[in-house]
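In the two complexes below, chain A is the common chain; its partner is chain B in one and chain C in the other.
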Partner chain A sequence: MTGLANVQFWAFVGVVAGIFTIFSLGLQVQFGFAGLLNFGHVAFMAIGAYTMAILVVKTGLSLWIASLIAIAVSMGFGLLLGLPTLRLRADYLAITTIAFGEIVRYLALNEQELTGGPQGTINLEGAGAAARYNDEWLDFQRTVQGWLEVLLGDNATRDVTMLVIVWTVALVAIVLLQILVRSPWGRVLRSIREDEDAASALGKNVFSYRLQALALGAALGAVAGLFFAFQFSFFSPNDFEPLTTFFAYVIVILGGTAKNWGVPLGALIFGFIFAGTRFLDVWPLNTFDSAERAYLRLIIVGLILIGLMAFRPQGILGKREELVVE
Partner chain B sequence: MSERDVILEVEDVHKSFGGLAAVAGATFDVERSSITALIGPNGAGKTTLFHVVSGFYKPDHGAVRLDGERIDGSPTHRIVRRGLVRTFQLTKALTRMSVLDNMLVAAPAQPGERMWRVFATPGAVKRREEEVHERALELLSLVGLERLADDYAAVLSGGQRKLLEFARALMTEPSLVMLDEPMAGVNPSLGVELLEHMRELQRERGTTFLLIEHDIDVVMTVSERVVVMSSGAVIADGPPDDVRRNEAVIDAYLGSPHAHEEVHEIAGESSS
Partner chain C sequence: MTELLQLVVNGLVTGSIIAIAAIGLSLVYGILKIVNFAHGDYLTLGAFVAFTVNVTWGFGMAGAALAAIVAVALVGFGLERGLWRPLRRRGSGLIGLFIVSIGLALVLRNVILLVWGARPRRYDVDVFQVYELGPIRLSQSQLVVIVVASTAITLVGLMLARTRLGKGMRALADNRQLAAATGIDADRITTYTWLLAAGLAGLGGVLQGLLQNAFTPSMGFTLLLPIFAAVILGGVGSAYGALVGGLVLGLVMEVSTWSALAGGIPSVYKPVVAFAVLIGVLVLRPQGVLGRARTV
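Take a look at the complex of A and B:
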């Protein structure tokens, strides 16, 4: 059980939770505030990560510029997805978005020339070349690590540094979203979620607001994709399975739909369960080997969600009144 | 024809759903700063016509003009911004928002409804918010809902929701308000106050009202003109007293003599 006290291990868990916080905030904008059932959110993460990696490896562009372009491209895809689908009813929108997510993943899998195919980004320059895209990021991270060493000494490792960077970005995103949600802009979005006909009868351009929510969510999804790529130095289409989108739904619902501060809370609980199952090596669970035990976390996540729906359907920070009213 | 100041013109509007012609050649106009009632039996096409005028439906044929300009086929939100607002027969209170937020969201010209202005010009956003906040409370007290301003709209009764919708429509600073059965479920004494307030707005701001209403007493006392629809068409149009005596209107409400004959024929055949 030494792992439980290991700072490095928990820093890693924190990084993953931070990346999922940013990712889920994107879903929060779309689902929580605009009421859009986007089941293909993982596609924006994939588009962000791939666009950046491809631009850096194949065009030699600076990582920072490539990252900005990646966010813009992801937002563009958000608009592209929204133009034909946002006029659809909620259930049709859900089906279309799940297809969108899968189309993006299959493209990444099959367009080997562009994406490296099933082997992932290591194959971006063809087999055997071992393409790298994040040298500039590692330089930046070492610089930040240098600053942190002044404060934290030997504890300022690579993972701790990443933890600080990711959570700084996540907190800034939460604060900005909080301002937006409380603004007249957020109020219009809520009115559309409540009743789009009422909103348009009050002079609101429903379609435009939904597009904005989709694009803003796509941008946050792309930022999460960038951090994912930076953290792991390598990724492949397998990292963007539809399951990832549903993890984000678990996080949003766990924290409380439409509650911004619920997202980091949900992500931390989720990260804890996800990483924590490795410590469940007590009887009778230790009769399973560790690979089998990995599936336990899915079961636990599912059970928690069922329990939450039964006893606290509004999530941890949600308001019950908002659920029961008609 | 004398110079009439017309705000809304509906010209030969048709709207069908499959084989059903809900509105079939409706033509009438509404004078500026008037209170006009639109009446007719159930299924006459009144609400469908409201949907067409407010931009929820595009007419199959015909034209709708607001201040002389075509608005048919325009999206609803643009029509609202040009000064035409409507309420719904089945109220659309935003139940998971507070009563006050229901009012505030309706206010026009709030720069903070653009994402970038929220961050770029927070001062202007705040100023506008304070302005509309005052107006919202004023209108809420007018319909007797000021005590409930901070509650979820979900706690309101059916009649209170009608009142909220009325007040919320006025928040958009309209020149023409179309009300779909504004009195349904509203307590009569409050209903009288509502009518008085409509008259006041008409006098002081020149606001025009077009209302669908089934309560004939309300129609006869409040409106200066009555438009009668039946089977999708306008069958009569004039001052309340003329319309009340119109043969076609009486037939439409009571069923035509011809229809009575048919009923008798069918009954006779089946009994023989």
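Take a look at the complex of A and C:
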């Protein structure tokens, strides 16, 4: 089966949407709840994925331990980034963080010994060795696939299994974040976003709360990076261009800033836009070839971002009063 | 020593292009409070318009550059009327406009990709002509960039220093309320600011295209962060600051590869030097190296 009715294709779209949900939840914490304009979020995804892959391939560490270390390292970089920059004005923070993201990408691109360079993780053991890091993950995935076959029969393919795993993690993350933002910690965070001076007059350490939000977002970014690495079996620095961060902003703003459930909604709509333009063979779409459709998709994404900011900056689920962007 | 001289000259060439682009970005940032993330793509648009005029239609490079300046200036003007002005009237803030500019950057870059495709393009110029000035070697493109850029920078500098329009621009960038109170027509100056900023971006794009020899639609975006670094180095809103910032940044990027500096950094890391300068200046002195200390 091909085209719109293909279950496997939509499972794949769902997996990517799930990974972007986790990634964008990290941004939701930083941008939606703490009001931090982090435009280098993709760096945390890159650091998570690369740390795991490098540890597994070069030190032979277990994938699970390497993944935990990767999340910790990513959080460490969040703190490192936040310490000097969190006092900056919003626009300066945005420019600084995007520069941080680009530094990480340039390092991944050029430190071939460490990262495999432009060809990506396949070169982690030098050219020609075809390094693999996700054998343990594939074993685990096959086990889960076995359980799912009881329920779904032949439909329980690799992508469907991944779909179930990624969305389970995403939903758990959403529920946990939902609890967190309703806790005293979350209330302080939102009060800082609304009025920094008032919060600090109440004796709250504004800087420390922001730093925690940045580190928590970094952890979620790293988890997304891990799933990205598991799903695609290999990755390269090109997967971590600033564009990925912009996608996360589109998702967060589309779903609704400061609304956790807006994130999966935004990610799914985003996934449909990307996938739908691949298959709809109606005029004027059928006049473009596949490369041109890729450009067209990004034009649509850009127009959505502009349109949202102009007409509905609070997104689908967001509340006008909780607007970060004005 | 020869190596250093050559690097300094290369730095001035790179820096003058960054400076040309940074002046416009800084004025728009200062006067309109738009952190225009699409500025790099204005440069790319200029480079590709010139490509069509020069290669497809067979005009000379000077005509192509003029066409690029006019075309990008018109696009800049159109976007002011069709996008930025309506958004300002709706009361969009700094962050909202910043995010809009990211959307605009995506649209512009992919329209360029749709129209011109992804493959590298070259102008119809002699790339083998090299001039030797003592120990320094300059390609024809480098020489053209230096001459054109310094002429453009001088003209813009004079315009900002001497003309009513230029003074109005600087006054608005410095303090909008005060400028408006003295009877400066903000709407008119906004229009001219966009014409100037976009026109200079168009020129900068053509020069960068010449300098790189082959260029793709990602050219402008690659240059965007160094341009931002120059703007911030010089202090946001200061046209002169952006000018000096651009030249300093070009020099720092090139000279950092000097082998006498502990072997120099690998030249692939030149952009990283610019990013590091950007972060360093923002963290240590956010008003810019030339800017006055005040609340920023």
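Some notes on this structure:
Everything that follows uses one rule, which is that the second predicted complex is superposed on the first by the 313 of 326 C-alpha atoms of A that agree within 3 Å, B and C clash if a C-alpha of one lies under 4 Å from a C-alpha of the other, contacts with A are read in each partner's own complex, and residues count from 1 in each chain.
Assume a contact is a pair of C-beta atoms (placed from the backbone, for glycine too) under 8 Å apart; a residue touches a chain by one contact, two chains touch by 3 or more.
Being a predicted model, the structure only gives us computed values, none of them experimental.
In the three-chain model built by superposing on chain A, chain B and chain C fit together without any clash. Applying the stated contact rule after C-alpha superposition, one finds that A:R187 touches chain B and leaves chain C untouched. Once the two complexes are overlaid on the shared chain, A:Q212 sits against chain B while remaining clear of chain C.
If you stand at the C-alpha centre of chain A, chain B and chain C are 80 degrees apart, rounded to the nearest 10.
Once the two structures are superposed, chain B and chain C can be ranked by residues of chain A touched, with C on top. When the two complexes are overlaid on their common chain A, residue A:S200 makes contact with chain B while staying clear of chain C. When the two complexes are overlaid on their common chain A, residue A:P84 makes contact with chain C while staying clear of chain B. When the two structures are aligned on the shared chain, A:I98 is found in touch with chain C, with no touch to chain B.
When the two structures are aligned on the shared chain, A:I179 is found in touch with chain B, with no touch to chain C. Once both structures are fitted on chain A, no C-alpha atom of chain B lies closer than 9 Å to one of chain C. Within chain A, the residues touched by chain B in the first complex and by chain C in the second are 325-326.
Chain C meets chain A in the complex at residues 35, 83, 86-87, 90-100, 102-107, 109-111, 113-114, 118, 225, 228-229, 232, 266, 268-269, 271-272, 275-276, 278-279, 282-283, 286, 296.
Listing the residues of chain A that touch chain B in their complex gives 176, 179-180, 183-185, 187-188, 190-191, 194-195, 197-206, 212, 216, 321-322, 325-326. Contact residues of chain A toward chain C in the complex are 37, 84-85, 88-92, 94-96, 98-100, 102-103, 106-107, 109-110, 243, 246, 249, 253, 291-292, 295-296, 298-299, 301-306, 309-310, 313, 324-326.
Across the complex, chain B meets chain A through its residues 54, 56, 75-77, 80-81, 85-88, 92-97, 101, 104-106, 108, 110, 112-115, 118-119, 125, 129, 152, 154-155, 168, 171-172.
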